[in-house]
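You will see subunit A twice below: alongside subunit B first, and alongside subunit C after that.
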Partner chain A sequence: MKRLRIYYPVLAAAILIVLLHLVLAVTGKIYYMTQVTMSAYYALVVIGLCLLMGYAGQISLGHAGFFAIGGYTVAVLTTHNLSHYRAASWAESLRSLGMLVQWRNLYEQDVLSFSPWVAFLAALLLAGVIAVMIGLPVIRLKGHYLAMATLGFGLIIYRIVLGAKLFGQADGISNLPPFHLVGSLQVNGRAPFRVQNYYIAWVAVLAAMVLGLNLIHSRVGRALRSIHQSEEAAHSLGIDTYRYKLATFVLSALLAAVGGALLTHYNGSIGPSEATVMKSVRYVAIVAVGGMANLWGTMVMGVLLNFLSLRGVFGSYDDAVFGAILIGVMLFAPQGLLRVPRLRAIFFVGRASSLAVQKLVRAQRAAVLRTKATCARRSHG
Partner chain B sequence: MADVLLETRNLHRSFGGVHAVRDVSMKVPTGAIKAVIGPNGAGKTTLFNLIAGTTTPQRGDVLFRGKRITAWKPHAVASLGIARTFQTTKLFPQMTVHENVMVGRHPRTHAGFLAGMLNLPHTWREDRETQAKALEILADLGLAIHARETASNLSFGRQRMVEFARALATEPALLLLDEPAAGLNIYETKELSQLILKIRDRGVTCLIVEHDMSLVMTISDEVVVLDQGQKIAEGPPAAIQRNPDVIRIYLGDEHA
Partner chain C sequence: MTFALFVQYALSGITVGSVYAIVAIGFNIIYCTTGIINFAQGEFLIVGAMTAISLAQVAPLPVAILGAVLITTALGAVVELVFIRQVRNASVLRLIIITIGLSILIREAMLHVWDEQVRSLPYFTGTAVSTVTLLGAHISPQVLWVLGVSAVIVTALTLFFRYTTTGRAMRACADDRMAARLCGVNDRWMVTLSFMLSAGIGALAGCVVSPITQTQYDMGAPLAIKGFTVAILGGLGNSMAAVAAGLFLGLLEAFVVSVLPASYKEVVALVVLLLILVFRPSGLFARRETSALRAA
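What follows is the complex of A and B.
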């Protein structure tokens, strides 16, 4: 079936993920799995941002804000101790519904807090509502006006989590309980749960990929690409461009919040560094280096670059590396590393049939046009 | 031809001190080909934009099938059955020709975000129908061999035909064509006039802004002449050709 062809790479990715597990086990580097798992959660953010930037053509420099909204919401709700209200009738009724749970933290204290499921759904709801509220006015903006407005949003979120007592200020929030999914499956960063969490994170990523791939190949995906390429024409063909851009903005914010919520449970903590502007810039850089309108490229780059960053490969130049990546991509490969026709030519030169050459020429011509269009768009503001 | 499909009543729009369209009232009968002519800057494209919703009028009304659609957003106007092409062809350059026309099916299909993400059986059935329908439209205009080409790689004339196909894919009742013959050679213009007649014969009413007088005079049933935003004449082509006011603005006073 033709429609199923887009799922073959998902299958291939699943096999590679299992192979990576085996390789890590054989080479005795099983502890790398922790960083791979964390990187996978970050990849959720860039998958959403890729839909927004690469397909709908709208930039956001505030996605670390949505990640932080997801992470901090679950952190506050699952750690804020409500023991004081234990006897209150609302607390009892919430408890009987399973919305409040009693547990014991690392310091052997009894904590009565919201269950991770409730916290997770609340995080999604909050991120969604804020995305709509922010999106309604700002999504009307174009180009760098939109970039600046979303940047402002990111800054506000950063200052709030850094300043408010509720969010632990500079210390952030720690000691989150594990997130029990089904049966014995739980999002839990402790060593005995390493392997299962590696797979939980990847299932989340592949699920997001399947949803994203379906979307871009659908009526809505075509509409988004058309908005990106000629908003006026899209509008004249019955596409409610404003609504589509807003919906994509909210969808990408939700994915960022999911990544934030799950990673916070996995790490057991979250701090204000997750909400910085540099994190937002990092997400944008990853989407750019992944090829903008390229979900697979973005996902792979998201996992790879975050993994290297978490392993400390970039040392104290971490943020500088992502800045440099962004500059480099814009200058030399505006359509992403995995798409540069020249790279293709180098790797596939052996079997360059005339058809491949034709394809190459076409791709190059399109690349030139695209660059010109980008330049023109920039100069017109 | 008695039915009025589209009507404008005292439509007015100025930009700064320039009156682009001044109190223009006209009627487009169902099934007709109506042309809007006039010198550069006469307000023809602004008139189109006012009808299509790209620009909002300061006064006056647009009625479609007797319904007031003044200042409706372009997507709402399009969903109602008014399609348009642009003076400078606006294809989606990086999409294939086939995809371009598939986007034109938007107002006739339904799958939303959730359906798209889940790709349920009825969603992809709809999408397959969209593919087939788009291909059918391309074949009808003799463009099927270009279906898989990237739109920006086509020649200028072909791009314009694809834009036609894309507009037709919305199954419009009214087609607004903004200078369809601009930049086409005489053979292409001839093909174009055949095509417009064919579209009309299938029941699509056409409103055309055009500079090519031979095209206008041979295919249109009625002509409206604008000058400096005002309607100065309206009638069948033969009458317009003899109208002294029209001759004056086109050829100068001494010819009138």
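What follows is the complex of A and C.
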């Protein structure tokens, strides 16, 4: 029964989500749902990044790249018109398998393209393969080197989508078909589908949360945390640090790709702005303000900040706000904003006597050592 | 490819390369004294150039450039005193994130001060169309300015680090901060000084190259990436090797343009960066034992 306790917040979140729906409906702001839905898909990216940064302690400045890989793969596969090959035998057989579908786009043109399910799986596969290929060499790097390598990866993806005709260059790709999940459920950005998409997005987010919570409360999670605290110590205890880091990297890349693929279907389009370094930095900022090793904080901040940004609250200071958040959080609250004791310490205790601070530091250091030992014992006792 | 065309490509490569080298040296100066990679390094160049462009409207060019260098140097000091000094003993992750945040803030501030228009300083001598003929190639005199100023910066820095007390104190901090402090070096001020120095030379480089490459508020980040690539190629902390690596990358880019579409020029530097990070993160010129230390 004790193990189930970690899922109570998921239940609470589900209730809050329904409440939010009711509040929006009562206040006549139901159109806010569109931005909430989009923010939820962005939250998928930061949940993955939170596992990587907060728990495994590895930075990535290239997650917008994985988001773009997911989004652009589904965009290309579902909109690239194969009508030309209609008669070809491979097209016939793929069509009989349901992998190719015939549909009519906004310009009343008949399009023969891959079905969204095939495209979605292909996007996941591609993102996974690229994540492994990039991760294998790069995840061995540390600190600045890892930051720069992932930044370089993100920039390469950006340059490619901006430069290649296949990806629509600066215009991106638009006119995606809706993604029919099961029955009448579909990822579709048009107004009549607003409510069901709100719930589809949240189900995806909560599923990712359950996955993440499961992971961090398992043997793997404890191993990751011990890597974060001291990679050498973890290594010496026989934890295969490299494999754990790589697996987390790939998992977070997959979550980013899922977010990218679903949001692209929801918006019906994707452009190169989704692949910029600034996007990657935003994701990092959100994880930082959420408290690094704090899945719930990151998820809430991911939805909140993206929602505010999409509503245009920050105006022309959009990027500056995220830059300021990064610096502010790192300078004053490296544990994130959503930790009440810390807030209390900052606002009420202020500058306590240096003796008390020293005492605190010593106690904390001891606590860290104890956790390290427990972590190690639990996962490899 | 004719010989004249070859010289043309080579000279343009050397010009860009020497700017990369100066950005890389800026990275190195700060990395040596603090162990921080300053992600806002590229922004220093743009701040310098933009300030000079504004000052040049009210003052003669040399005064404007001098003023811009001084203002950017002051900005470097502010960055260190206000932000970096506050986070002693911070983890690398935290420091990376802070300098990234700084680069965004500086960039956005520039956007609001100078808008998104592309500007440039006037040519130091002659005009945009005047040329000098060298080995059959026609080049702008500004190219010679870039090369000359880069050479002066590198020489001056070498002399500074080798022969002045302050320069030697900075090197001592880079080697072993605790030992330097025990010898009476004020290590905190050396860190501030390193930020000022790298901001100052960045600003100067930004001014000299502005007539050729133009200046826009968001050009700092690509320059920083190239500069970092060069710094890694040469081995972090090794300023002389950075010059060689800068010229190498500049030449590579210049000649790649003759084979690949220009829009993929950026990708070349990035691929070089990934390759060097993966295969030789300690740099091309590093010896084995030092590479083992630095990679950690």
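Convention: the second predicted complex is superposed on the first by the 341 of 381 C-alpha atoms of A that agree within 3 Å, B and C clash if a C-alpha of one lies under 4 Å from a C-alpha of the other, contacts with A are read in each partner's own complex, and residues count from 1 in each chain.
We take it that a residue touches a chain if its C-beta (ideal position, glycine included) is under 8 Å from a C-beta of that chain, and two chains touch if they have at least 3 such contacts.
For clarity, every value in this text was computed on a predicted model and none was experimentally measured.
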item: Contacts of A:251 with subunit B and subunit C, given as first, second, both or neither; value: first
item: First, second, both or neither for A:366, with subunit B first and subunit C second; value: first
item: Contacts of A:214 with subunit B and subunit C, given as first, second, both or neither; value: first
item: Subunit B versus subunit C as contact partner of A:241, first or second or both or neither; value: first
item: Touching partner for A:281 - first (subunit B), second (subunit C), both, neither; value: second
item: First, second, both or neither for A:20, with subunit B first and subunit C second; value: neither
item: Partner chain(s) touched by A:91 [first = subunit B, second = subunit C, both, neither]; value: neither
item: Touching partner for A:230 - first (subunit B), second (subunit C), both, neither; value: first
item: Overlapping contact positions on subunit A, where the subunit C interface meets the subunit B interface; value: none
item: Contact footprint of subunit A on subunit B as seen in their complex; value: 52, 54, 73-76, 78-79, 83-84, 86, 90-95, 99, 102-107, 109-113, 115-119, 123-124, 126-127, 130, 150, 152-153, 166-167, 170
item: Touching residues on subunit A, where the partner in the complex is subunit C; value: 53, 57, 59, 61, 137-138, 141-145, 147-149, 151-153, 155-156, 159-160, 162-163, 277-278, 281, 284-285, 288, 316-317, 319-320, 322-327, 330-331, 334
item: Parts of subunit C lying in touch with subunit A, wherever the complex brings them together; value: 37, 83, 86-87, 90, 92-94, 96-98, 100-105, 107-109, 111-112, 221, 225, 228, 232, 261, 263-264, 266-267, 270-271, 273-274, 277-278, 281, 295-296
item: Subunit A residues within the subunit B interface of the complex; value: 3, 211-212, 214-215, 217-223, 225-226, 229-230, 232-241, 247, 251, 362, 365-366, 369-370, 373
